[in-house]
Amino acid sequence: MGSAAIELKGITKRFGSVVANNNVNLSVSHGEILSLLGENGSGKTTLMNMISGIYHPDEGQIFINGREAVITSPRDAYDYKIGMIHQHFKLVDVFSAAENIVLGLNDNRKFNVNEVSQRVAQISEKYGFDIDPRKKIYQMSVSEKQTVEIIKVLYRGADILILDEPTAVLTPQETQKLFAVIRRMRDDGKAIIIITHKLHEVLSVSDRVSVLRRGEYVGTLETAKTNETELTEMMVGKKISLNIARSEPKNTADRLVVNNIRCLSREGVTLLDNVSFTARSGEILGIAGIAGSGQRELLEAIAGLQHIDSGEIIYNNPKTGAADNLRDKTPLQIRDLGVRLSFVPEDRLGMGLVGNMDIVDNMMLRSYRRGKGVFLERREPRELADRIIDQLKVVTPGTSTPVRRLSGGNVQKVLVGREIAAAPTVLMAAYPVRGLDINSSYTIYNLLTEQKESGVAVIFVGEDLDVLIELCDRIMVIGGGKITGIVDARRTTKEEIGLLMTKTDGGQINE
Amino acid sequence: MSEKTKHSEPLLRISKRDGLIWWKSWLVRAAAVALALVLCSVIIILITGYNPVQVYSAMIRGSFGTARKFWIMLQNLAMLLCISLAVTPAFKMRFWNIGAEGQVLVGGLATAAVMFYVGDRLPTALMIVIMLAASLAAGIIWAMIPAFFKAKWNTNETLFTLMMNYVATQLVSFFIMIWVPSGSSVMGIINQNSRAGWLPELFGQKYLLNIIIVAVITVAMFIYLKYSKQGYEISVVGESENTAKYIGINVKRVILRTMGLSGALCGVAGFLLVAGTNHTITTTTAGGMGFTAIMVSWLGKFNAGIMVVTSFIIVFLQRGAGEIATKFNLNQSVADILTGIILFFIIGCEFFVNYKINLRKSQKEGK
Amino acid sequence: MISTIASFINAAIIQGIPLLYGATGEIITEKSGNLNLGIPGIMYIGGISGIVGGYIYEYYTPEPVAALCILIPLLSSLLASALMALIYSFLTITLRANQNVTGLALTTFGVGVGNFLGGSLQSFFGKSGSISLLTTGNYFKTALPFADDLGDFGKVFFSYGFLAYLAVIIAIAAGFILNKTRVGLNLRAVGESPATADAAGINVTRYKYVATCVGGAVAGLGGLYFVMDYIAGAWTNDGFGDRGWLAIAIVIFALWKPNLAIPCSFIFGGLYIICTYIPGLSSAAKELIKMLPYLVTIVVLIVISARKRRENQPPAHLGLPYFREER
């Protein structure tokens, strides 16, 4: 390849002890679309952030048009004609599209809405966008906002475009439109990188595909010469045996029955669509799926934190035998029904724990209402804190240390320890081992298995398929807010789950 | 590597500290106060030409010179502390109540109204109970109005409470005009002869009762915030609304309840100022303490114990500056200047407690 | 009757001018995301520094020249106010201190400095009595020459000192810059979403510093107008009163738009003095009328929060610190 538009050689980036990217190589030419494929946490976004000047690589070189480039800020990236379209749009809500497009530009032009609009119209015509430059961002749909982001980088003369999960927020129709635009940009000689984990998209739009797995560069293939199975294998890797101890479920009973629930966001976007499943006592139900497919909303709906538009959540109380509907109940009302529901949320320090409080005070979050008096009872929480520190080997200077100063693994032990201490009948854990080292992870696996063996219905949202397959009894796959399949964890394969994870959208496109 | 690569990291990199050991952070703060005091005295010396010893001794005499000065200092300290305690629960909840000035004023107005209209027709004890109840109610209403809109529509509470201050000021002017027919717009001492509704003197000390009451409030607030369930809820809401919802706290109710408490205590402060200290009401009865209290509370880290110290520093400085002004024939406003300077230093030093500055060089070595 | 109305409008505008300076200054500041509650203090500083500048000039010069009589107080006022705003900027932007607390401390300090210097300036120069800079004051007060010939019309439109016209010009210019130029666009982006502005290559820190200091300087002129024009080169302690806070109220009332701040300031100025123009008002009722500006502001605040019209909201990042996320 003569001189690639952009070429990465041996890029390595570490955050503390975590290696986000290790010795990654890839290149894109002008007039080419490259897909960057990988699971969540495989280091795709980190890599692209280094190209767009947000992070600096610890090792390795970046070449632009054959010459080494040093990109230290977003501004530098613009100067190299690199434009990044982030997953979370960077737009000012109260500004019009035109205002956002010229924001921060320093081209010595007078700010003239008509002139900007004209240039925007030119770009739109060239690539087939459909946008009103005077429309305010807050009045726009997600896809319109994305269009503004793309025009924004084109307006700045970008030759190399990076799109971070551009289809995650789009409907199938919008996705098709976007791909048409992307192809037109390629034909115009732009170099394009699409970050994605959707296989069918890779196959339908890109010329070549590079795969990352756990921060490592796996390889690059010509799209025309590959297929879904090969890519899935590259993406998920060979099955790794983790030797997680798993027992056979005993005395299972339907504990939580979710029937056809549907949730809409305030903007009317469907978050959960017709979700139905049953969580049984004495069993771990795994939930697999691309991040942001509705896992968080599902757990929060069950916990009483997410408004449900239709459907029902039935809890079969093992003590009273009653079947209560938890829909539209507050967390407190759920508790008052005698439902012992524990929830380890994804956002540990922003939701599950209070970072500035010490371990004892965090223990009280669930239990502080206990007792009649107006004063807090700290004796029991203190004992609980000591017990958790002791049993789960939490490394901390003491019970009075603010939890934000603990390491990620220890924070998680504190949180999981507290939730388990409430003697739940249902335990929901979202990504409980994210960011944890091996030993802490196994501590968590063992805790979950113990809970299962003591008759708790455990719901485990995970991202590592190896873990899901070895830890869980059944695995439910969620994609785009829908359940795409429930499989037996003892018989399934990573490939099967991987395909289910990416399935729905593909199916929808052909509708 | 090219020359440019070497500068890919910025020269100064600021990062959050994991937390300074407590004595180190207090050392930083003490150093800031000391530095501010030095700067203050340099300014005074430049203005007056007197030597530092004279200036400092005058400053100390302002608070400790005579028994009377000492009592006045304690009284000022008590009132500032009382208002600071009042705004603290709201701040802890991250609700910017900068309307303490107005809440104190309406509290005082309510007390003055009872004193004015009831006169000496009721027994003192009953009268004081009515006055207190009226002040509490007035303070609560004044604080709940912005809180209600905050909870309902997320109306900006900083600007709202700020505006409420001036509505309160005008309300006081209005009533003074009604109560004083001569149109002199000065209320004068209420019930001068009958002393009806005046708080009693304890052991011959006019201010002692005020001071004791505030001392009790201080302890109570400390306990409330640290050991009560409601205090705990306030902390959780302030730290993270998400966590509060996660554990089932009704955030709106906590906002209303806490602002009610905040207003109630401001009402008490107004009551003490009118019934105990001044026996009259003016538009400046709160005297800017409602604003100073915000800074006291913030600098005291919402901890009632530390707030005793911060309000002492400020009152000491104001009394000292007043003494210097009298002695050297200066304008009394010198106190505000010194307060301002010391506040700048204390506000600024928090940065060095919370952040550390890494030079590029030292960072490379660290790798 | 007409002449009463004319003199009312005239008085309302005179009262409105300091408010307009304060409001324009605060709008510029708030557009960068800084809620500067130190504006009342800055306005005191703007006034007193003009007095000090003019005083020293008049004291050492037997025959003061008109140009310098105006220029010296003007420059000292601008400089001192900007310096105050710089203190605020340094504490809140660089040292990341809380904006409310810093602003209030700045107001305490500014009012203190104003009253202190105003009350002691004479004694520093070995004189007694209160300050009176008649010469300087007269230059500031000089109206357009043909104002008197035009009767009521002249009174309403041409009878003011140059600072009054400057206030309107600055407000219009601020409106133009904010809405029609790149700099204004960037500034608004900083106040709305500093992270977005940062990603677009805008130097957020610099914008915040410059906007806050320029805003402070503009607000300070309000104090200068008050002491030089309104009370003709004199100083009374606390004479400026709560006008600084009223200016902050106008910012809300004008929905953060400098152009709207012009009529709003005059309305508020009118409300400030309307009671003296309504015959037969009791002195108590006058006090209630003075409450109106604040009540109206509160109503506006509630209405905009309830209606949630995006164009009328405070800058989204107002009052919050910004620093680039570190990992």
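Residue numbering begins at 1 within each chain, and the chains themselves are lettered A, B and C in the order written.
Just so it is clear, a residue touches a chain if its C-beta (ideal position, glycine included) is under 8 Å from a C-beta of that chain, and two chains touch if they have at least 3 such contacts.
Note that the coordinates shown come from a computational prediction; the quantities given were computed from them, not determined experimentally.
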Pair exhibiting more inter-chain C-beta contacts, B-C or A-C: B-C
Closest chain to the centre of mass proxy, which here is the mean CA position: B
Separation of chain A from chain B, taking each centre as the mean of its C-alpha atoms, in whole Å: 45
Chain centre separation (chain B, chain C; CA means) in Å: 27
Centroid spacing, where centroids are CA-atom means, of chain A and chain C in whole angstrom: 49
Touching residues on chain A, where the partner in the complex is chain B: 56, 68, 70, 72, 303-305, 330-332, 335, 343, 345, 347, 350-357, 361, 364-366, 368-369, 374-376, 402, 405
Of all residues in chain C, those that touch chain A in their complex: 180-182, 185-186, 188-189, 192-193, 195-202, 310-311, 313, 316, 327
Residues on chain A engaged by chain C in the complex (per definition of touch): 15, 55, 73-75, 78, 86, 90-95, 99, 102-106, 110-111, 136, 138
Touching residues (chain side chain B, partner chain C) in the complex: 14-16, 96, 98, 149, 152-156, 158-160, 162-167, 169-171, 173-175, 177-178, 183, 185, 288, 291-292, 294-295, 298-299, 329-331, 333-341, 343-344, 347-348, 350-351, 354-355
Chain B residues within the chain A interface of the complex: 2, 4-5, 7-9, 18-19, 227-232, 235-236, 239-240, 242-243, 245-248, 250
